[in-house]
Amino acid sequence: MTKGLMEFEVGEQLEMFLLVKTCTKGIASNGKPFLSLVLQDRSGDIEAKLWDTSDQDEQTYKAETVVKVNGDVQNYRGRLQLRIRQIRPANPQDNVQVSDFVETAPLSQDEMMSQITQYIFEMKNPNLQRITRHLLKKYNKGFLVYPAATKNHHEFVSGLAYHVVSMLNLAKAIANLYPSLDKDLLYSGIILHDLGKVMELSGPISTTYTVEGNLLGHITIMVNEIGKAAEELDIHGEEVMVLQHLVLSHHGKLEWGSAKTPMIKEAEILHYIDNVDAKMNMLDRALRHVKPGEFSERIFALENRSFYKPTFHN
Amino acid sequence: MTKGLMEFEVGEQLEMFLLVKTCTKGIASNGKPFLSLVLQDRSGDIEAKLWDTSDQDEQTYKAETVVKVNGDVQNYRGRLQLRIRQIRPANPQDNVQVSDFVETAPLSQDEMMSQITQYIFEMKNPNLQRITRHLLKKYNKGFLVYPAATKNHHEFVSGLAYHVVSMLNLAKAIANLYPSLDKDLLYSGIILHDLGKVMELSGPISTTYTVEGNLLGHITIMVNEIGKAAEELDIHGEEVMVLQHLVLSHHGKLEWGSAKTPMIKEAEILHYIDNVDAKMNMLDRALRHVKPGEFSERIFALENRSFYKPTFHN
Amino acid sequence: MTKGLMEFEVGEQLEMFLLVKTCTKGIASNGKPFLSLVLQDRSGDIEAKLWDTSDQDEQTYKAETVVKVNGDVQNYRGRLQLRIRQIRPANPQDNVQVSDFVETAPLSQDEMMSQITQYIFEMKNPNLQRITRHLLKKYNKGFLVYPAATKNHHEFVSGLAYHVVSMLNLAKAIANLYPSLDKDLLYSGIILHDLGKVMELSGPISTTYTVEGNLLGHITIMVNEIGKAAEELDIHGEEVMVLQHLVLSHHGKLEWGSAKTPMIKEAEILHYIDNVDAKMNMLDRALRHVKPGEFSERIFALENRSFYKPTFHN
Amino acid sequence: MTKGLMEFEVGEQLEMFLLVKTCTKGIASNGKPFLSLVLQDRSGDIEAKLWDTSDQDEQTYKAETVVKVNGDVQNYRGRLQLRIRQIRPANPQDNVQVSDFVETAPLSQDEMMSQITQYIFEMKNPNLQRITRHLLKKYNKGFLVYPAATKNHHEFVSGLAYHVVSMLNLAKAIANLYPSLDKDLLYSGIILHDLGKVMELSGPISTTYTVEGNLLGHITIMVNEIGKAAEELDIHGEEVMVLQHLVLSHHGKLEWGSAKTPMIKEAEILHYIDNVDAKMNMLDRALRHVKPGEFSERIFALENRSFYKPTFHN
Amino acid sequence: MTKGLMEFEVGEQLEMFLLVKTCTKGIASNGKPFLSLVLQDRSGDIEAKLWDTSDQDEQTYKAETVVKVNGDVQNYRGRLQLRIRQIRPANPQDNVQVSDFVETAPLSQDEMMSQITQYIFEMKNPNLQRITRHLLKKYNKGFLVYPAATKNHHEFVSGLAYHVVSMLNLAKAIANLYPSLDKDLLYSGIILHDLGKVMELSGPISTTYTVEGNLLGHITIMVNEIGKAAEELDIHGEEVMVLQHLVLSHHGKLEWGSAKTPMIKEAEILHYIDNVDAKMNMLDRALRHVKPGEFSERIFALENRSFYKPTFHN
Amino acid sequence: MTKGLMEFEVGEQLEMFLLVKTCTKGIASNGKPFLSLVLQDRSGDIEAKLWDTSDQDEQTYKAETVVKVNGDVQNYRGRLQLRIRQIRPANPQDNVQVSDFVETAPLSQDEMMSQITQYIFEMKNPNLQRITRHLLKKYNKGFLVYPAATKNHHEFVSGLAYHVVSMLNLAKAIANLYPSLDKDLLYSGIILHDLGKVMELSGPISTTYTVEGNLLGHITIMVNEIGKAAEELDIHGEEVMVLQHLVLSHHGKLEWGSAKTPMIKEAEILHYIDNVDAKMNMLDRALRHVKPGEFSERIFALENRSFYKPTFHN
C-alpha cells in the first residue's frame, strides 16, 4: 500500500485493497439493479459503480468491508471515478484490516494520553483535578478512539482526543498571555466538554447518533456525569457547579444548543478555543487539495463559504 | 382588614396595615433624601412617597416590613398614589404577618397535594410513578410554597403547585380526546418539569435567582435529579431517559433555553399544555381590572400585546 | 379489497385495484420514455415503474385513474417498490370508484354535522349563533368534503370538518377548566376559522390552490364573508368585528400570515387549539408505522424534527 | 401671528397664541404638582413648565386648548424651553381656532381633490374606475382631512390625501417609463390603499387608533369595503379580487402586516411607490432644520438612522 | 434566422443555428457517456441530449460554440425538449457569430452612451461631474458590454449600461417631483454605483466572478477608484466622500453587503431607484411568456414569489 | 494623588484634583438650574451634583476641565455619590494636566512601538512588510494615542496600540500551534485592521465619530489607504488585494459591517483573535471590582450578559 489512492491520476490503472465506505443500490433504466460504491483508503475516497448486481452483491460489498479492486481511474465531470475491472472481498489471508484504511489522528493514543495526563498533573485545584481524572479514567477507552463529530471537523478515529489535545495547547498559550484566566478550570472544562460524545455517538467508524445522543445530547449527558462523579468522590465545592456550567454553555448560544450562555470568563474563552481549533481543522482539510489561486469547495459548517488560497502561498 | 386596598377610590382616606413591597431611596432637588414605597395587600399595590427621610427610615421601611399607615388616596397621572399622613412599622401586638398581605394560589396546599397525589396514584407505569413520587417527596416543602416564576405568570405564593395542578387537569382532558397519548408520561413530566425551580429561585417572596439558578437553570438541575433518583431507586428502564427528555425539552425551542427540541409526542404536548396554562393565567390577571370596551396594558411575555375585553363580555 | 396495500411484505405477489396518485414521465438512458407511478389505497401508497411507455400510456395512467395491477413487492433502498407484471385501467364492470381508494375522516359526514349542530345549538349569544349557522349552511357542501390543507395535517377527504369537530371538543374541555373563556365565541371562531378553505382550495382530491386562494387567502375570504353575512342578517353588534378578529388572527403571528396578532383572549386560545389538534394529527400519522425504539421520518411542518417512539409504548 | 414659534431665539421674549399639544402632570419634590406643557404653532413646538398648579389648571390647560402666553425663550440641554410669565386660555373674542395651529398639507383640499378626480377620469377600465369613484365618494369627508398615520410620515391634517396625490404623480412618472404597467390598476390601488385609515384612526387631530382599527386594521377594513362596493355596483370581473390583492399586500411583507405578499406586478410597484413617498416625506421633515455639515436626529421609522446634510447643499 | 427558437411548437421540426449555452456530461446506466446541451438563440433556450458520445464530442460541443442542428421539438414533463437528428459545429463559411445568439440590451451602445453623456453634461457641480466623466471614460469599454449581474436582472450583454440609463431616467422623474433632491449627486451615484462590476465580473458572456470580485467586491473596488480619481484630478471637496458613501451604501442594508447603511437622502433614494429598475426588469422578463390567468415560475430574487397575470391584461 | 478616587469609602471626606468627564444641566423643581458632574481620576469615576448654579458655572465646569474638589463620599442607591463642599477649577500653579486623570494603556508608547517594530522586522514577505511599515509610519502619531473604540473595549488612551500588541502576541502563539498559518499576513492584517480609526474617531479623549467615520467607516478608509500605499510603493502583487480583504472582512459577518465575509484562512483567524482580545479586555474590566460569589453588571457588548466570579477565585 505504498501509493495512496489520491496519488493516482486519470488514465492510470490501479490494483489495491480499499475499504467500502458506503454502498447504495440503484435501479438502472433497463430495470436491473446496480451498486454505487464509495471506496477509500487513508488518503481519500473515490466513487465506483458495479452494474447488473445481484442481491448477493449488495450483501458482499456493504459498508465497512475491505475489498481488493482492479480498475481504471477516469474523469467524470471534473471528479475522479473508478471504472471497476475486477473486485472481490478481502479474505483472512490478505492480512488487511479496516483500521488500515481509515483516517486517524496524527498523534498516537499514547502520545495524546501522555500530554493530557501532564495537563491534569499540573492542576493545583484538587477538586477540579480529581473530577477530571475520575471521568477521563471512566471513559478512557472511548475517549481515545471516538471522533469529535460525525462530520464537519475532527471526524476521524481518535478525533475527540486529538481535538482536546490541540485545545489544551491553545488554552495554555492564551492563559499565558491573559494571566487572569484560571488554567485549572480551563483545562478541566476542555477535557470534559465533549466527553459525553462517547455516549452520544455510536463508535469510531460509520458514526451515527445513539438514541440517548438524540434525546439528551452529549452536553446534558456529561453535566449529569460530573454531578455523579462529585457525589462518588464526595466533592462539594462550587467547582462542581462551575465545571458543569462550562460544559453546559460551551456551544456559546442558546440557539446552538447551549442551555445557558457563558456566564463565567473561562466558559466564554473555552467556547472560543473550541471554535478556533474546530475551524483550523476544517480549513486545513478543505484547503489541503486546493491549488494556489483557487477556491475550496463550499464548507457547510463555515456558513457555506469558499476559501481562497493566495498565489503567494505554496 | 375587611376592605381591600384596591377598593379605595380617589379622595378617600384609609387607615390599614400594608406590606412594604419595595423601598427605593431618592434625593430631592433640595438635596434631601426621600423614600418611594410600594405598599401592598392581597388585592394589589399602590405607590407612596415619604419626604425628608433619615438613614434610619431607610432601615425601618425596607422591603417585607409590615406597616400601619394612614393617608389619602390621590390621582397621579391616571394612577392611584397614596399621600401618607402617618406611618409606623407593625409590632407584635398588632398580630399581623407578612403572609396576610401576599397573593396566594386560590387552592389550599392540602387541596393541591391531594389532587396531585391522586394523579400519581392513577399511574400504571411503576418506573415513572416511583421516580415522580420520590422527587416530589424530596422537594415537597418548597414545591408547595414557591411561585412558578419571578414574573409573568403564577408569580405568587404556591404558584408552582397551582400551575402543576392546572396543567394536570388540562392534560387529562386532552389525553381523553387523543387516546394515543401516554397519560403516565404526561403526568410525570408535568409534575417534574418546573420542580427545579425550588433550587433555581430564592424562595416564595421577593423572589430572585440563586447562583445555581443562574449558572445551571431549573431544567438542568431537574434532569440531574431524575438521574440521581433513578440510581437511588435502582431503576434502569428507558423511562428515565425519556422523562429527562421531557423536562429537557419543555421550553420547546433551543432559543428559549431547551437544550433539545421535543422529539417525543408527549414532550411536544407538554410544551403546549405549559403554554396554555401560563397564558390563561397571564390573560386572566391582565384583564381582571379592565372594563368591557377597553384594552389591557401591554403584556411583555405575550410579545407586548394589549388585549381587548369585548363589550358583550361582562 | 380485504387486504390493504400496506399489509403486503417483500416477496409477496399482489393483484388488486389501486388509484394512480401521481404519474411522472422519465426518459431512460436508451432514449425511451418510462412512467413513475405512485399507486395508493386507503392504507398507504407504493412506487412502481412502467418501462418503454408510449404517449398513449401517459394518458391512460394519469393521476386519479383507478387501475388493476398484478405485481411483486420488492425492497428498494429500504422502501417498498412494486414490480409490475400486468396493469390495466379499471372499467365500469369493475365497479370501483376513486373514493374507495382515498383516505377519509374516521367519522361520517352525518356524525360530524350532528356534533357541530349540537355545539351551535348550545350557543347563547344569538348574534354569534346566527352568523355561524348562516355561513355553515351556505358552504355546507364543501365544508363536509374538503381537506383542511393540501399537506401537513388533515390532508384527506372531510379533513376540514374533522379538524373542526376535534377542535370543538378540545375547546369544550379547555373552557370547562378556564371558565372565564366565552364558549360561544370560541365555538363560533373554530367553526368559521378555516371555512374560507372551500374557496381557497380546488376540491377534496388532488387539491391545489385557486387563484382567489393565492391572491386573497382563506382568512381574508372568510373575514369578508362574515361581514356580508352580518349585513344580510342585519346584525350590528360588536360580535361581528370580534369574530372577524378571531378569524383574522388565528395564525397567531404576522409572519405566519395573520394580518393582526390575537388581541382577544379567545383569539389567543383558538390559535393554540388549532395548533394542538393539527400537531396531534401530524404526530399520530407520522408515528403510525414507526416501531418502538425507532424514529419517524423528519416532519417538515414540525420544524423538520424526527420523533421517537419509546420502547415502553406498544 | 406673523412670526412663527420656531423663529424665536434664546433670550427673546414672546407673546402669542399657541395650541396645547400635550399636558402632563408631575409632582415636584416639595410635594406640589406642576404641569409640563408642549405648546405648538404650525412652525413647530416647545416645552414649557407651570409650577404649583391646581386641579383646576390641569383642566384649563388640557390638550387641544388654545392659550395666550407671554414668556422667555431659554436654552435647556441644547433644546429650547419656554419660561412662562403669563398664560391664559383663549376666549371667543380672541378669534383664534385650533386649525390655525396645526400643520396641514401644502395643497388645499380642492386642489388635491381636483388632481385625484383627473386621475380617475383618465382610467379606461370601467370596473376599476367605478369602484374607486364609489369608495372615494363614500369616504370623501374623512379622506380630505385625516392624516396618513399617527406618526412617522404625513402625520398632519390632510396628510392622507396629500400622500395619495404625491403617489399618483410618482406612479404616472414611473408608468411612463415602464409601459407594461397597468396605470388604471396602479391609480386605483393608490387611491384606495390607505383609505381604510378613516376608520382605523380617530380623526385629524390628536389621532389615536379606534377599536376597529386595532382589531381589524385599515387593510382588512378596505378589502371588505371593496367587496361590498363591487356587490352594490354589481361588478363581477376579476378586477375586484385583483384590487383587493393590491390593498391586501401593500405593506409588502407578512411581518409588516400584509396578509399576502405582492403577487401582481402593480402590487409590487405600489409597495415601492408608497415607500418612496413616505421616506421622502420623513427625510424632508427630518432635515428641515439641520444645517449643512450636521446630522439629523435619529429617525425611528428609518431603522433609527441619522441623516447627514452635505456641506455643499444649502 | 427569421423564426426564433421560442416560436416552434411541439411536433414541429427545426433546422437552424444555435449557440451552446451549457454542456454537461452524464453517464447512462449502460455505462456510456452522453451530453446534456442547452441550446439558445435570442428568443430563449431549449434542452437537448446527445447519446453515446465520445470525449471528442465533449470538446466539440462545449459552451459558447455555435452549432447547426436539425431536430424535433418534443414535450417532456411540460417543458420543451429537442430531439436531435443531426448536429455539427458551425464553420467560417456559415458566417454566424456568438453575438447573433445572445440577448442584448434593447438600446444600442451609441444610444445609451449618448443619453448618459447628456446627463453628465447637465450636472452643475464640477467636482461630481469631473469624477464621473473621468471614471466612465476609464472603464468605458467594459461598461458598454458587461451585464449588470450574473443572474436575476439585466443579465445580458450591455445590461449594465442599460440598467444605468433606466435608472437615470427614473431619477430624473423622481427628482422633478421631489425638488429637494440633488440631481447631480443622484446622477453621479447612479452612473458609478455598479461600475465596479467591470472588475468584479469576468466579461459579457458566460459571466463568472473574478478573484478580485470575490475578495473585494464591486462596491469596495469602485469606492477605491473614486478616491484615486479624486487624487488624480486634484479634487478635495466633500463631494468625494459623499459620492463614496452613495456607492458604499447602495445595497441598503448591512446584511446585503453595504458596509454602511444610507445616511444621505440621495443615498437612500438611489437604493430605491436601483430596486425598482431591477424588479421591473425581473418582472417583465418573468411575465413575458405567461398567459393571462396564469402564474409565472417562482422568482428566486423576489423572495421566491410567483406572479399572476390578470385576465384583463392582454 | 497617592490615594485613588475608588479607594475612598462611604463616610470619608476627600480633597483632591479630579477631571470633569461629563457635565449635564438640570432644572430643579424650584425652577433653578443645577449641574450633574461626573468626576474621574485613573481609578474610576463618581457622580456629584452642584445646586443653584449660574450660566457661568456651566462654562467653568464643562467636560475635560480639571477641578479641585472637597466633599463627602455618600451612598446613593448602592452607588457612591460625592456631596461637594467646595469646588474650583485648577489653575496653572496647581501643576496638573488632563493626562494625569485619564486611563491609559498599561504599556508605554515606546514599549508598544518597540514590540510592533519587532513583529514587522520578522516578516519575510517584502510586499506585506513594506505596506505595513509605510502605513504605520504615516499614521504613527494617532496610532499611539487613540483608543480602539469609543466604548465597550480598549476605550482608553493608547487603547488602539495596546489592542494591536495583544493581538500580535496572541497571533504568534496561535500560529506556532497551527503552522499552516501565514504569520506575515496575520501580523500585517492585525497591525492595519483598526488603523482607520485614527480617521474614524475624533481623538484620544471624549472620543466621538468624525463625519468621515460615520459615512465611510474605518474599514473602508483603511482599504483605500492600502490601495494608495501600494501605488505609492509601486507594489503590484496579490498581497495588496489579500491584505485589503483581511481588513475588509475582519468584522466577520455582513451584519456586523464586513462588506465581505472572510474567505482566506488568515482572515477568519484574524477575526477570532480580534474577538478574543476584545472580550478578555471587557471581561477583565467588568470583573475588576466584582467580589467572589457575585455577578458583574450586564455587559452590553457581550449580549447583555452578567458574569459570575467563582468563590474559589481570589
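Some points to look at:
When the chains are written out, they are named A, B, C, D, E and F in that same order, and each has its own residue count from 1.
Methods note: a contact is a pair of C-beta atoms (placed from the backbone, for glycine too) under 8 Å apart; a residue touches a chain by one contact, two chains touch by 3 or more.
It should be emphasised that the depicted structure is a prediction, and the values quoted were computed from it without experimental measurement.
When the partners of chain C are compared with those of chain E, the chains appearing in both lists are A, D. Inter-chain spacing, taken between the CA centroids of chain D and chain E, is 40 Å.
Our note on geometry: chain E versus chain F, Cα centroid distance of 46 Å, whole angstroms.
Looking at chain A, one finds that residues 28-30, 211, 214-215, 242, 263-264, 295, 306, 308 touch two or more other chains. According to the touch criterion at the top of this document, the contacting chain pairs are A-B, A-C, A-E, A-F, B-C, B-D, B-F, C-D, C-E, D-E, D-F, E-F. Partner chain B is touched in their complex by these residues of chain F: 28-30, 34, 49, 51, 76-77, 81, 293, 295, 306, 308. On the side of chain E, the complex with chain F involves touching residues 211-212, 214-217, 219-220, 223-224, 227-228, 231, 241-242, 244-245, 248, 254-260, 263-264.
Looking at the complex, you find that chain E touches chain D at residues 125, 166, 169-170, 173-174, 176-178, 180, 182, 185, 237-239, 242, 261-265, 268-269, 272, 275-276, 279-280, 283-284, 287, 295, 302-303, 305-308, 310-313.
Residues 24-25, 27-31, 211, 214-215 of chain D are the ones touching chain B in the complex.
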